[in-house]
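Presented sequentially are two complexes of subunit A, the first with subunit B as partner and the second with subunit C.
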Partner chain A sequence: MNPYILTILLFAMGLGTTITFASSHWLLAWMGLEINTLAILPLMCQSHHPRAVEATIKYFLTQATAAAMLLFASITNAWITGQWNLEFMSYSLPTTLVTVALALKIGLAPLHAWMPEVLQGLDLTTGLILSTWQKLAPFCLLLQINPSNTSLLLILGLASTLVGGWGGLNQNQLRKILAYSSIAHLGWMILVLQFFPSLTLLTLLMYFVMTFSLFISFKVNNSTTINSLSMSWSKTPIISSMVPFILLSLGGLPPLSGFMPKWLILQELTKQSLAPLATLAALSALLSLYFYLRISYAMTLTMSPNTLLNALPWRLPSNQHTLPLAITTSLTICLLPLTPAITALLTL
Partner chain B sequence: MLKILIPSMFMLLTTWTSPFKQLWSTILMYSFLVATLSLTWLAMPTDTGWFYINNYMAYDPLSSPLLVLTCWLLPLMIIASQNHLAVEPENRQRTYISLLISLQIFLILAFSATEMIMFYVMFEATLIPTLIIITRWGNQMERLNAGTYFLFYTLAGSLPLLVALLIYHSSMGSLSYLSLTSLPLTCSNLYADKLWWMACLLAFLVKMPLYGVHLWLPKAHVEAPIAGSMVLAAVLLKLGGYGMMRIMIILDPLTKELSYPFIILALWGVIMTGSICLRQTDLKSLIAYSSVSHMGLVAAGILIQTPWGFTGALILMIAHGLTSSALFCLANTNYERTHSRTIILARGLQMVLPLMATWWFLASLANLALPPLPNLMGEIMIITSLFNWSFYTLILTGLGTLITASYSLYMFLLTQRGPIPHHLILLEPSHTREHLLLALHLLPLLLLIAKPELVWGWTA
Partner chain C sequence: MMYMMYFLLFGLVLGLAAVASNPSPYFAALGLVVVAGIGCGVLIWHGGSFLSLILFLIYLGGMLVVFAYSAALAAEPYPEGWGSWPVLGLMLGYLLGVVSVGTLFSSSMYDESWMVCDEFGEFYFVRGDMEGVATLYSSGGFMLAMGVWVLLVTLFVVLELTRGMSRGTLRAV
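After this line comes the complex of A and B, so read on.
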């Protein structure tokens, strides 16, 4: 893409999210979300492939619906309470509508159906932006509203973890697996939103780091299916040996850093006397772990049969920039001992 | 404490920076050094208290035998793996050794943890190197299934444990072992309390394993390479026993009624898995089911909650660790020669490998709990305390002892005695390395006859 156009679009995406971050008026927040959506649409269909265009249209329709619902909810709130401020939503109808609209925006179950299909149509970099950056603005809004309906968020959260686990089990396309993984992690974030919002932020940031590592690892190997990952041990042996750890970290296995958000969320849920819910959510994480484990089997822990020509390719010095991957992989694996520091940092 | 842990951590560095020709000797030397230093932990100045305490790690007469076993096992694993890894490229050998060393580090941290969440994190952390060892270096196609079963059985049991620990923490305020004895949960007879009791124990029962949830063990033990089988049988199962012993303190008085079905299941498992051993065709599978059988007895001994029960359980854990690991090493000597685990393909070996037959003999005798070995001491103490609890358990335990003796004898006679089949004339003679390995397994067992106080624990 023309570098000027790319710059404008990326800046516009940043602008949209920043407007939403800085807003305390509902109209401004809605505007930021719309700018964000509009800016990413050209990025999504830049290859003009019919599948990419289909993904773009699906994304546009769902996000526009969500934004319209958000606008409607804020107008209703303005009608009832007479003011447009974000924090002072005290009636249940607008609050519930806003929550459901934002759930559609980020792809929580049962409003998740667009997520795998949209991610499948994108290339890995744009998929990464969709999974990480696009979640920031809606979460900023979710963190600020006062939820009126306790059980709504819990139902959204639990359904997301279960759907994220079960949905990914039958996939062999990596982007769909990453979509379901995203849904599952968003479910964990929503579960604890009303009790300890800093943990939502912690989970979101940890998820960004882990999923960044995974997307970039897949991009370096230029693979989009599980089968094509089986050649990665000869192309990039060190990345191949690190990816099982990234995957197990996404699955929430101690002593990797992915355990940190799960542990803290389970602690908060048990403190709120929601122990059966905590157990259910923890066990649903096992479902996602199964398909993460399957990817790591295909990539690292087994060696697929191949000819000598495939087994020993020339490993020429690559011009891929892998420093961000190195940093985020180290963070994904080694951050658990810093839990007290990170918790203190985020509960300021 | 740190003089063992820090050298173990730096052995990881040594693995990657040693010159390749000296890699195995260097690592072997350092791990023997660490193992020798760890023997100082067996000298206990007090009978029941904790010692060598710092903020996060401490140990007492319960954990020090298990810690010494862990440290002793690393050089043995390295000796055992040397042969089958010699054909692999250099970096993979280094990776394998790093996995073994990291497993030891996690195990040391697990056994010496003073706080239950630290124990939990390290308990789960041991799963990852073991999973990688089984699925990457196992030899058959079924190893992937084995790894999945291993990971998911253990995790499905331990996630409720995490929630149960967090519940206890939120109501009692602390999960430190040092204060657990003074903070028992007040019993309120709700159904939820019974579920909480179950959640606390399920992880350890799956790990031990208890008979109904033991399905992962034969798969994992059989498909793992020799070092994986050794560490699984010798130490990782004992993590389950150790965790159970630690957490029993807070589970009173619910345990009086709730443990009943599990004791019976454990004892029934002793008989069932013993009987299955008599029909096995796969040598490693036989030894794996024998592990389930012995650990069933350990589980019953722990659930009884008497001093002799705990003592017997601890001694049986240590003795079984050494014995089972020795048996897996012996099975591996067969496997390296014939590349098959089928028992009948490698029989009558006393004719060809007579000194190995001696080790087979000693290991089989240890397995069937011959006096005066510590295996017998553990079993007798557990059987006695079970008899004290209820007379009828004697039927199950007595039958279990009989069946254990039968399959141990069956295994010895089938592999060693009888005519040697025609295809086995050209076997490689036993390596000195293999003799050393088995001697190092069985010598501590024989020495423990003289002073079992070292591994008694704090209740005897």
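After this line comes the complex of A and C, so read on.
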């Protein structure tokens, strides 16, 4: 793509998120979300492949529907209460509609169906931007509105963790697995949103770090299926040995840092007398753990039969910039002892 | 007066169902013309005469005309309208849905007046919509610049999406 156009589009993506972050007026928040949607469209269909174009169209339709619902909800709120402020939505219909619209925007179950198909049609870098940067602006809005109905957010959260677990079980395409993993993590974030919003932010940032490591590890191996990961031990042995830790961190196992958000969320849910819900959420994390384990089994724990020549490639110095991968992998593995500091930093 | 408002609002819903039920862009755009025209009427009754004029000129006379020309060049040779049963069934289904949801949520059609009272206690020199446009150009200057920049980015996005002439993203280009 023309570098000037790429610059303009990336700048517009930053601008959209910044506008939504800085806004207290619903119209401005909507504007930021629409700018984000528009600016990522050419990035998504860069390769001009029909599959990528299909993913772009699906993404545009779902995001436009969600933005239209957001606009309807904010106009209804302005009609009823006479003001456009984000934080002062006190009637249940606009607030519920806003929550559902933002759930469609980020891909929470049962509004998740677009996510695996869209991510499957994109290359890994664009999928990474979609999974991380595009979630920031809707979460900023979700953190600021007063939830109208306690059970709506809990149902969205629990359904997302379950769907993210069960949906990812039968996949061997890595991008779809990453999509279902995203859905499951978003479910965890929404579960605790109305009780302790700082934990939502903490889970979001931890998810960004973990999924960045995973996406970039897959990109370095240039693989989009589990089968193609099986020879990565001979090409990039260090990355192959680190990826199981990243995957187990995503699954939420102690002593890795992915345990931190799940632990704190379970503690908060128990404090709010929602212990059965906490148990269900913890059990649903087992489902996700299964497909994370399957990836690490195929990649690292097993050496697939292959010819001798393929098993001994020349390990030439690579041109890939792996410093961000190194940083985020270290953070993904070693951040658990800093839990009190991180919680204190992120308490809003 | 109320009959006029009834007529306008019913026409709005009919046009909305027409736009939603037609798979062909010709008939959907025709429904859109009807909806926009009636929407302008409703807007005038509510006091936004300037906004209604802008809607008519720019939306109908600019954007919809360009869309009609593009659709005439690019769309299907055998358009399906209300003459075919699936489309008519869809239209009736939407109308049924609207009527059922309407009766579910509304108390009565005759309890309150549908006419809007559009006056304040004192006499105003300018209407709300004209003053809003003027404010956009004065104290809302930063938002105007932001809007202009966003429209420019949209132009770049559309040009990038349609670049390539059938080797690119859209094979129909």
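Methods note: the second predicted complex is superposed on the first by the 347 of 348 C-alpha atoms of A that agree within 3 Å, B and C clash if a C-alpha of one lies under 4 Å from a C-alpha of the other, contacts with A are read in each partner's own complex, and residues count from 1 in each chain.
The criterion applied here is as follows: contacts are C-beta pairs under 8 Å (C-beta built on N, C-alpha and C of every residue); 3 or more make two chains touch, one makes a residue touch a chain.
What you are looking at is a predicted structure, and each value in this text was computed from that prediction instead of being measured.
Trainee: Considering only the touch criterion stated at the top, classify A:Pro110 as touching first (subunit B), second (subunit C), both, or neither.
Mentor: Once the two structures are laid over each other on A, A:Pro110 reaches no partner at all.
Trainee: So in the superposed three-chain picture, is A:Pro244 touching just subunit B, just subunit C, both, or none of them (first/second/both/neither)?
Mentor: First partner only, subunit B.
Trainee: For A:Pro313, using the defined touch cut-off, is the partner it touches subunit B, subunit C, both, or neither? Pick first, second, both or neither.
Mentor: neither
Trainee: Is A:Pro324 touching anything from subunit B or subunit C once the two structures are fitted on A? First, second, both or neither.
Mentor: neither
Trainee: Once the two complexes are aligned on chain A, which partner has more residues of subunit A within touching range, subunit B or subunit C?
Mentor: Tallying touched residues of subunit A, the top partner is B.
Trainee: Quick check on the complex: what are the subunit C residues that touch subunit A?
Mentor: Touching subunit A: residues 143, 146, 149-150, 153-154, 156-157, 160-161, 164, 167-170 of subunit C.
Trainee: Report the residues of subunit B in contact with subunit A in the complex, numbered from low to high.
Mentor: For this pair, the touching residues of subunit B are 91, 95, 106, 120-122, 124-125, 127-128, 132, 135-136, 144, 147-148, 151-152, 155-156, 159-160, 162-163, 166-167, 169-170, 192, 199.
Trainee: Mind pulling up the subunit A residues that touch subunit C in the complex?
Mentor: Interface residues on the subunit A side: 1, 5, 8-9, 12, 15, 19, 28, 31, 35, 38-39, 41-42, 45, 48, 53, 56.
Trainee: List the residues on subunit A that touch subunit B in their complex, please.
Mentor: Residues 237, 241, 244-245, 248, 253-256, 259, 263, 266-267, 270-271, 275, 278-279, 282-283, 285-286, 289-290, 293, 297, 300-302, 336.
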